Amino acid sequence: MKFKKIFNDQRVVLTLLTIALFIFFGLRNSAFFNVDFVIYPLLRDGATLTVIGLAQLCVLSIGHLNLAVGRMAAVSALVAGASYQYWGLTLVQGAILGVLAGALLGAITGWIIVKSQVNAFIVTLAMDFALLGLVTFIYVTFTGATAAFTTKPAGMDYWRSKSLADFCLGPICGPKALPMMLVPAIFCLILVSFMFSKTRLGRELLSTGSNLRAAKLSGIPVENRVMTAHIFSGTLAGIGGLMLAYTNGSFTAAIGSQVMLPSFLGPVLGGTLLAGGAVAVLGTFIGTMMTLVIRQGLSVQGIGLETLNIALGLVLLLALSVGQIQKMFTSIKLRGKK
Amino acid sequence: MKLPIFFKNRMTEFSLSVIFVIGFLALVLTSNGVFLSRASLQGFLTYLAVPIAIGLAQMVVLCIGQMNLAVGTMGGVSCAIMAVLMADHNLPIWLAIFIGLFSATAMGAINGALVVLTQLNGFIITLGTYTILLGFQYRLVKTFTIDKYPSSLPEFGKRNILGFPYILVVAIITAILLSLFFSRTIIGRRVLATGGNPLAARLSGVSNNRSIFIAHTLSGLLIGVASVITIASLPGINRSIGGDWLLASFAAPIIGGVLMSGGTIAIYGTVIAAGVVRLVDIARAQYSLDPSIVSLSVGVVTLSTVALSEWRRRRTERQNEGMKELI
Amino acid sequence: SSSGDSAGSADGFGAIKVALVPGGAHPYFQPWKDGGAAAVAEFGVGGTEFNETGEWDQTKHNAAIDAMAAQGYNAFGVFGVSPTDINTTFAGLKAKGFAVGSLASCPGGYDIVKEPQKNSADFCLSTDTGKAAYLAATAVIKEMGGKGNLVHLTGNAVDANTIRRMDGVKQAIAETGGKVKLLTTITDIDSDLQSATKAVTDLLAAKGKQINGIVTTAYNPAVAATDGVSSTKLPIKVIAIDDDQKILDAIKSGVISGTVVQNPWGQGYVGSWVLSALGSKKCTMNTPGLYVDSGSFLVTKDNVDTYNDTRQATSKEILAAFQNEYMTCK
Amino acid sequence: MSNQLLISKVSKAFPGVQALNEVNLNLTSGTVHALLGENGAGKSTLIKIITGVYLADSGSLKVEGVEKSFHNPIESTHSGIAVVHQERNLIPEFSVEENITLHNPPLKLGIIDRKERTRLAKQALETLGFEIDLTERVKNLSVAQMQLVEIAKALVTNAKIILLDEPTASITGSETSKLFDVIKRLKSQGNAILFVSHKLEEVYEICDTVTVLRDGVSVLESMPLADYKQGEIVDLMVGRHLAERKAETRRVDRNATPVIELKNLQTSLGHRNISLSLYPGEVLGMYGLVGAGRSELARSILGLHAITGGEILVNGSVVKIRNFTEALHKYRIGYVTENRKEEGLFLDFPVRKNISVTILAKILQRLSVINPKKEDDIATKYVDRLGIKVVDNNQLALTLSGGNQQKVSVSKWLAAETKILIIDEPTVGVDVRTKASFHELITELANEGLSIILISSDLAEMVAVADRILVMRRYEFVGDLDNSKDYQSMSRSIMNSIQAS
């Protein structure tokens, strides 16, 4: 019984799937177990996408979505980049500034939604367009031919290239496969999951997502909660944006331009409901990792573009339906027992 | 009693129409008439057809509370199929078009079948098929631009009756048929019922699985129409086709008043919303606007449109104001 | 893919497996394959592989490069999705001891000619995009009879290369001393053919009468402009970019005046050799990070049939220049 | 009298509960058959099995002597079974007429014939004698009106077997009597009707035979109702003897400052010169017919709809209540909605979270972390106090029986321990025992000093618990009566006050 329960948990199924896929690809081509070129970058990118996934998850919890998640990331990268280039701030100072910018954008978005009572989809879509314009305009007008902020504050490359192996307590160092970027990601994961599973705020957000009317009639300040959700979303998007910039090496308008769909993929694969009311924080990480493993696994097999996406999509669907079939299976068993 | 209901349910459409008219007139005046020139109107209307078609394609899936993220690649692939068949296997146009429509419909049907069979949420399924089709699109056209097919097709795209491009007429007729389907046929109503309240629909003898399947298949068919329009209105087909469809497909219906939660449709709203967005393109060319400015203004237009309609709706719904929904 | 004849051939080229990694799928890069294959056949390079799975996303692009590295490729010819980011990627590859060449575009954020040492790659073999755009602009201005209104159609506005192109066009216009006016520059229409066609149609509808010439420095706009001008029958001179069959046909049929082609084949061919030479430690760059122009050529009705030979010849010259001037070999 | 529907040894289990255990029922044509039982006894489950919503684990089902097993609602509809389910099953975006004809819309050349549709729907509503605007979208109707639409929807199918699961739960006397006329007519036409209700007066008025379920077992099977007294039936349902409790009048101090007072209030919805004052520890009843505007008045007070005139006083001082959050935390006012599914419950949350939602502030430890122990204790406390039938506090609200859902939605407000509680139709779909305990509870709470406004369309309930009864009609008060707690006289005077205006 307990055993079955465990297997009903989508996260467990996903994790097993991901590990299975990982081993499968590794056995097909041992190059896939290469730490420097596969595992490390995989986890590094996974960390970044997870944080952005969490940004999406925060609004999904109240049944909204944030189409501007990528552009918010771009803005906070822009702010941080500018602060390094023009005001010579330190890495941390700039980062804080950037994240604040993200939070501010989230707040504005939330405020517009609450005040205008307009569908979050439209507001964030509009926000996305507006920010796209803004970001482009700023880079074009202020950075001339470079179209980017290229000043790297001290310690920026550290985050890109260092692993826990460089992070020692006395003689014991972390494994070389774990990138530094995991640290902020894990930090966010813990915080967000703590908030949703343990705190009053989280409960109120989920209630708002589960049944807005009931939440409102139960005295939950739903409008504030909508604001909160979007502020969190903006903040996390901001962090994600910085992680992207630090990994890639400069602060450009292209940051975040490709994360809109991936930002949904992680949470939704993990088991977050688009309708709101239920979130899967850890699932977001696992879901994200799974897609990355599949993609990189395939391309290490030397599969070219003409097959990569086809295979990627097929494996993704297959993997998921496996999870689904197994779930049906157990539920049938349960019914059979009676 | 009747009239208010009529308006209450069409507030968004109404205010969109107002915005459209205002925008249109503004362009006519500021371009001192150029916009009314045959060429301008032609261009305006021609490239209005595709947004309408893909908007409707997204709408039919939204109305069962799901999404179709594969619109772009579905369109891209069926365009590619048609182009390749005509160019490399010189099939007659009509046959190619038929196959194009059919393949798009089939892709939709597969989406639907997968959603029903796996019971996974449509979002994930269509994201999966999106990726797969992206691959097929590349396989079909690689990085080339295919245009070695009978020029009569692009010419058809340029022909028109009384200034109305045929392809726009096609789109409009499609829209009308679709609204008949939803308002007058049992299948249509059942699909909507599923979207409105699946449990109730089920207890009233509606098969939700069938509705889901139908909605996705129909979405495919509409994408097929969009593809035919596309191939008729472009100099050639390459793998970039459909790349900008996704957001557009959502923007039109949702600005047009369709709820993401399902159960609603707004065909006129979708059409007019597409028109409003199209006006922005024109403005861009007219005033040689910087794209960043365009993006900004699109954002603002969208917001103000919906805010206005919301404001109107709330004013008229005072009598039996329900709960203020934050969707 | 293609693999060298003698794996451990005398000069050690056989041990070098060159990865040619463009930013994503684009017609421009296709000749890299043939260029690379030619190098393999001619110099016994261990092999070349072409990987376009970057999909114009710097993160995916890096992943693609890593995948190649994991598979044992040890020399990299790369087109960076983001010019300002790619240098970081290069640095990473160098740190792992690979030979790295920046092909078809140079790292951005500084003047590559003045400060080659800032280039983390061993060298940059690329068209001077600014120069190419300048060439195209001057050509179309000539066609316009030295006066009138010019329109510039191009790609992503926040891309260093695009900005270089815009500067190139502006320079050409400046040289006319005000006789030619830049009516408008339409950016961000390279993402897909539909947007490009739509934009061109709207442009010609709104301003067609005032326009005398169009210069396009991106692929989809080029295709769209070609079609737009031919269908509206407006007396507009067009200079396109690259040598997609569609565009060459348009030149032959006189719909457009010409196109500016670059030298991707040469990049693949010369690039593969240089990378092998560096990878096998046979040669070293005299000035690490050196920038070399892979050349850009104006193609018109007159030379549409012969330009390719010219281009191949140029490539051989560039190769010779590497062997004799830019590198010292044991 | 041929038997239309014969159910033998039907069993059904859900994870954690045996909902039905070898239940037998014999439904004969030309009779109205009462299906009785406490909340969670299995009535709805049985009906869902008959209509093919659930598949029985075992047992057999005969329709007109033919062995049947329905796998989905469509099949049962085809073999002439119509049903009004306990939960409302309407498409919110569709018009009234469309919902009524949802099963099989009239067609002409394959497309829907609107004229015919309107005619059918109009006819259905007329035979029932309800008037609701046919073109109104259902989402704009009040709960009671939706219920009427549901009934009409079932009747248009002119089936031979009609199953009614608590059809009268949320409608008032006048509609009920109209419904009964129809039922009588159907019966005389030889249809077989299964009638579920917790209002025994009704049952005795309309039913001929009776089956009683207790914890999924049919303890009384298809017997003539006349042979049993109301008390006996109740005892069968409850499983032990339930003492009749005589309602005694309470005394309320009307000189104290009212905890809440309305001075000729006007709302954007059309309420006109509404004045009332609620005194400490008073139970103030608000009676009215469907759509009288009671719920909306309550909601307006709590800031959901615009107040356009007059003033609200809380403890003697004029206030402006902006929303439910303020109402709860600042003025300590609670509102138990009449509409549990849409507004009362988080269906996909466990019972525990549903109850604790109003008191999150009270069950926190450091860092505003919810203390799961406290949460669970409070949940348990009310599950016990109201006898909510659950497997454990983590059962999803979705899977509770109708009445138990109602209890959960009330519990969260009891837990909130407010000073003023507005209760809207609290005993809709609640069984006799629980109803009695609800009434005791309300009186108890009032004695403890809680002031209560009770909105109910159940006259007996009004008379049983209210100290004073306000009668509303068309968004106006038309009567203000002291409650003598004598059903006969009170009902007469209330009806008079409604007629009079």
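As written, the chains take the letters A, B, C and D, and residue 1 is the first residue of each chain.
Just so we're on the same page, contacts are C-beta pairs under 8 Å (C-beta built on N, C-alpha and C of every residue); 3 or more make two chains touch, one makes a residue touch a chain.
Fair warning: this is a prediction, and the values are worked out from it, not measured in the lab.
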Winner on C-beta contact pairs when A-B is weighed against B-D: A-B
For subunit A paired with subunit B, centre-to-centre distance based on mean C-alpha positions, whole Å: 29
Mean-CA-position distance for subunit D and subunit A (Å): 45
Gap in Å, rounded to a whole number, between the CA centres of subunit C and subunit B: 36
Sites on subunit C at which at least two other chains make contact: 25, 157
Subunit A residues counted as touching two or more neighbouring chains: 136, 140, 213, 216, 305, 308
Shared interface positions of subunit D, touching two or more other chains: 343
Touch relationships between chains, expressed as pairs: A-B, A-C, A-D, B-C, B-D
In the complex, subunit C residues that touch subunit B: 25-27, 29-30, 157, 183-184, 186-188, 191-195, 197-199, 201-208, 220, 223-224, 226-227, 231-232, 244-246
Subunit B - residues contacting subunit C, complex: 31, 34-35, 37, 39-40, 42-44, 46-47, 50, 138, 142-145, 147, 158, 230, 233-244, 281-282, 284-286, 288, 291-292
In the complex, subunit D residues that touch subunit B: 51, 53, 72-74, 77, 83, 85, 87-94, 98, 102-103, 105, 107, 110-112, 133, 135-137, 139-140, 153, 268-270, 304-306, 343
Residue ranges of subunit C touching subunit A (in the complex, touch as defined): 25, 49, 51-53, 55, 57-60, 62-64, 66-67, 69-72, 81-82, 84-89, 92, 96, 108-110, 157-160, 162-164, 167
Parts of subunit B lying in touch with subunit D, wherever the complex brings them together: 1-2, 5, 9, 180, 183-186, 189, 192-193, 195-197, 199-207, 263-264, 318-323
